[in-house]
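Let me begin by presenting the structure, written as structure tokens, before commenting on it.
By letter and in written order, the chains are A, B and C; residue numbering begins at 1 in each of them.
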């Protein structure tokens, strides 16, 4: 999603994209740092204390944006995977490869903060509510993609197999969400939803949105950095041979 | 230039697999014995109180059937891959998705259908009776082919990889979860006296959905694996 | 056939050069940007000579395996009655080349044309024209040779009556007593013969064979060679990856050497 504003085709060669990504990263990283700090400040200090949940609820300013990011990133990864399969374009596969670990990280963050929320609020470290359970399954899907890619030695097959898995998984995400909600209502009373949002004061909404945008900036920055690593890694292979314009690789040779 | 018709090709694929299964009748028995043994583990682990067993019956029996399906996935394509028959199947001038349905069907007849037929007995072991037994069988009848079709995608993606047994499980279990929820939910509902039609309809929908899309995804994955 | 009629034609490197080196190895180069004109020219040339349309052609084909570039810019034409022998050292890409011709492997660059149409567009129509016998035999060890061959013939849309199948097995040199044994008790050479027996049942024009003579003894080799010759004389085409010299008249053999 990063460079769509610019003429993409000019930068669709990995060698051209590497320096461009390098130039973009500091901007996104700075924006991310700034927004996250602001968001956390507003969330932790400015927003009022919740009536029912006390100060413990403040973890939602990390939990909810992280959960949203985990889902968005999965969809975006699947889009890149689909483009890669459709156009047989290696750069798309590289983008999908770069996004996966960040998505997994956000999923884990959402689960971790969800668990932290559950303990003081409901007394249990883990609650089998619909959203947390869906997040858990999403984490499994991310891990599956990452593991599949690392199990296949042949690069082309690894790219395409993990792309197929990402696409199959993205269809599964809404189905999982629906079925887990269904399951939750079936076993009503056994668990309580900890993700029922408290009525939101204005500053709470601001904090969450700021954190969202901060997480977006972070994701872009990290994905670009990872794509650079992926490019360098692949550039080292002789089939791309020729003159390499990437300084790290040239030095390594 | 000669071309088999679609039904000829399908029949050929199914017939070969069923013929092979008849030569290896132990394959059929393996699924059955696995389910029986694993289902027996739970009372041994949890205790034999009938009330508890009735409560966990739907989940245990469904998870057992699911695991049996998962373990049998290794046999779906691997043998054909190793002796070159899969390569030849990819070269048949008919849509690969249809041939995949044929393969999954014969695989289900060998591994899944015996479990479905055995399920009433297992249900009795767990204290199910009457309508819930019937619902259990029906849910497995709809669910196990769905699981086989979805599992085929994982089997195709991990074809020939080392450690593929565990990897297939990791890839495919998230995809199995909706089927598990609806299937076990059907039996739970019927035990609770609430109607199970909703769950069974959802199971049917999952079956149709997987029948439409999973073979195509499996075909793509097979072509990728055989490049 | 191909070289003699095209020798001296099209020496312009822009549209295609065909040349024959002293040891019988030839390569055709076609500039992929102008392949349309050269294909058209070749096609018109062939049709003016009354040669049938069953033509098989690769244009500027290049392929790699993993990260290793195997071959690049291979352009060959195979006409009816010709056998293309793909030779090269181990690891030079013969099997990958054949698999690309089958459509199992995607080339990095270039196209493969059947009757002038890209095989990626033809898909099933193209697959109905070819029979492929690869490194792996494609037969089931638990089934008997008769059962294996019957299934293969069924799936290929060929005649699969048991009498016909048994005749095919006999033509490959497998006697009646072997027909009903499970294939796993046969030797490697016998299993290879069962795999190749498909060629006696098929009616498809294009045969793609990967080292068919490996593990065959002299008798079986001569059976196969005679059968290939009969196929060629009926206007069929064969592409063979092989180490060995094939005992066929040199006017129907083309060589393609893949070097790393």
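A few points about this structure:
Everything below uses one rule, namely that a contact is a pair of C-beta atoms (placed from the backbone, for glycine too) under 8 Å apart; a residue touches a chain by one contact, two chains touch by 3 or more.
Keep in mind the model is a prediction, meaning the values are calculated, not measured.
C-beta contact counts were set side by side for B-C and A-C; B-C has more. Of all chains, the one whose mean C-alpha position sits at the greatest distance from that of chain A is C. The chain closest to the protein's centre is B, with centres computed as averages of CA atoms. Averaged Cα coordinates give chain A a centre that lies 32 Å from the centre of chain B. We define each chain's centre as the mean of its Cα atoms; on that basis chain B and chain C are separated by 39 Å. Centroids of chain A and chain C (each the mean of its C-alpha atoms) stand 49 Å apart. Contact with two or more other chains is made by residues 106 of chain C.
Under the contact definition stated at the top, the residues of chain A that touch 2 or more other chains are 156. Under the contact definition stated at the top, the residues of chain B that touch 2 or more other chains are 227. Across the complex, chain C meets chain A through its residues 64, 66-69, 106.
Interface residues of chain B, counted against chain C in their complex, comprise 1-5, 8-9, 11-13, 15-16, 19-20, 23-24, 82-85, 87-95, 223, 226-227. Residues 85, 137, 140-141, 143-144, 147-148, 151-152, 156-157, 160-161, 164-165, 167-169, 171-172, 175-176, 178-180, 182-183, 186 of chain A touch chain B in their complex. Taken in their complex, chain A has these residues touching chain C: 88, 153-156, 237-239. Contact residues on chain B toward chain A in their complex (touch as defined above): 153, 157-158, 161-164, 167, 170-171, 173-175, 177-178, 181-182, 185, 188-189, 202, 213, 217, 220-221, 224-225, 227.
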